[in-house]
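Shown next, in structure tokens, is the structure this report addresses.
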């Protein structure tokens, strides 16, 4: 497996004229983990979205390096997995259909057994043929994990990883995170004191609110 | 004066010209004033 | 290409289950056709009127149905998961394919209804008409897809769509009307070849341009 | 530098107004200050000094709006978007002026206000594009998104213009200079006998015409600069108010 690095330098994001953060810089090299924290509205989710490549920046830049080469911003999706509260899956399809579709659209070959296995891991095997519409929010959160893990990502971005989950679910997430951070890259955005242990380092976005230039 | 009026009565195109010029001067000085005002505010904002 | 096909497949089966566009679209066609029937009645109109009316109905059905692919993703918030699993080019191609199938389906219905309901609407040169039909549908699908992607990000989606799409679709509509007219009189393809040339180059230009700008529109 | 522009605009437009209105139209022009008579047009020929520059500026304004839109996409600098939108706002004004002046003139020369002549159709489409551009802008409230999407739209709309240039002359018979006409007796398309279409500018008229084109273009750039500065002021003031 190639070496993977995430390099963030002087990242800035503003909505209209409201500055969210400015001058965020850090470098993560596999294996590594980081916890992003900050008050409500400090831009935790925004930063996660930017790192996932779905939101544009207002300044500075960030990129993923696989081996020696820079990854195109359009291809970030190939190596990252994202779990977050605003991620919404297709609720007119069943759990199995969702995962099946995702693997097809990603262009990776997954047998039905492999998908069942994944569903079993997140504890949704019994409900695999139910429409997502009928799922509770905790079960939807489990589905998000399944959809984020389907392509064996090297970078996992988690926004409020344990929201809506019961004890069993939290245990699963804990185990996943421990496995992940020991050989891949993990970014967790959270406000829960108990989640701070997930990261080797902590970055507090409240410190990046000052407009440095302009 | 008398001859000027007579001249204008005969060549009505000059009346048109005078009117158009007046309108143009009006517009010009309006824009000119606007430019000056904007400049003033710009300078004030710089400080 | 295969990935784009699966995005199309997702939209297609989603459409079969949810009926975002189809039912309303078919009703729209029926309603607008009957309005024209009431207006024209049994009077014999000129080729100009028939050809014009047909493509007017096509334009407005496209405007009422083709924005759904993007708007429904945006409204339900599923565009995030889509951008997490696919390359923008594939997303555009998948949506384009879906719109293409939809417009072909709807336009075939419109054409059949026109041929049966209006006795004055007689096509004499079928080759010319069908070729124009195919090229025109591709053009309409391309432009409507890219405009739909823009619309999905705006606040007022429904009313804005035809406003934005009309100037861009106008060349296609005008060409289609011209060719339909000539096909009704029975002229050969060679007499309207420059119209066909315009249609073809429009398709190529718009498709390339859309592929180039789509990721700028798509990324928030 | 700016004051030179202002004075030049003032002098040039005043000159153009005098030079275009005063010279009498005579059958056989003898000196420089007489324009040749065109049967059927007479004094109405003088519209060319005002109508054509407005139409020209409509197009120039659109091009500038699009170019600065593209520049915004490259730099993400919101000031480029302001330049783009102030150009488009002037463009829509000139577009209305070109439409109205042409239409009034057409009533008295060609008999009705609107003919769907190729040029009339293209200015109408430009009007639609400008309208759509501003409708789109008003429906987006995030500044960055608004700038980005309207720039994209202006590019897409621009791509259709070659088709109109190609389509229009074939589709319809024109009344503007340079267009074709149908011979009423044979039904054949031929070079026109319409006085407007055969219209060829005399040497002195051409001088005034290009003088007018330059004058109005300079006026446009002044107005563009001014409205851009107003937008920039508004932006800076709002930013400052938010910070304090």
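In this document, chain identifiers A, B, C and D correspond to the written order of the chains, with residue numbering beginning at 1 in each.
Here, a residue touches a chain if its C-beta (ideal position, glycine included) is under 8 Å from a C-beta of that chain, and two chains touch if they have at least 3 such contacts.
All values derive from a computational prediction rather than experimental measurement.
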{"item": "Geometric centre: closest chain by C-alpha means", "value": "C"}
{"item": "Gap in Å, rounded to a whole number, between the CA centres of chain C and chain A", "value": "38"}
{"item": "Geometric centre distance via CA averages, chain D-chain C, whole Å", "value": "32"}
{"item": "Computed distance of Cα centres, chain C from chain B, in Å", "value": "53"}
{"item": "Distance from the mean Cα position of chain D to that of chain B, given in whole angstrom", "value": "23"}
{"item": "Residues of chain B whose C-beta touches two or more other chains", "value": "none"}
{"item": "Set of chain C residues in contact with two or more other chains", "value": "220"}
{"item": "Pairwise chain contacts, counting only pairs that touch as defined", "value": "A-C, A-D, B-D, C-D"}
{"item": "Residues of chain A defined as touching chain D within the complex", "value": "15-18, 56, 58"}
{"item": "In the complex, chain B residues that touch chain D", "value": "13-14, 16-17, 20-21, 24, 28, 31-32, 34-35, 38, 41-42, 45"}
{"item": "List of chain C residues in touch with chain A within their complex", "value": "2-3, 6-7, 9-10, 13-14, 17-18, 76-78, 80-81, 83-90, 215, 219-220"}
{"item": "Residues on chain D engaged by chain B in the complex (per definition of touch)", "value": "6, 9-10, 13-14, 17-18, 21-22, 24, 43, 222-223, 226, 229-230, 233, 236-237, 240"}
{"item": "Chain A-facing residues of chain D, complex", "value": "76, 142-144, 238-239, 242"}
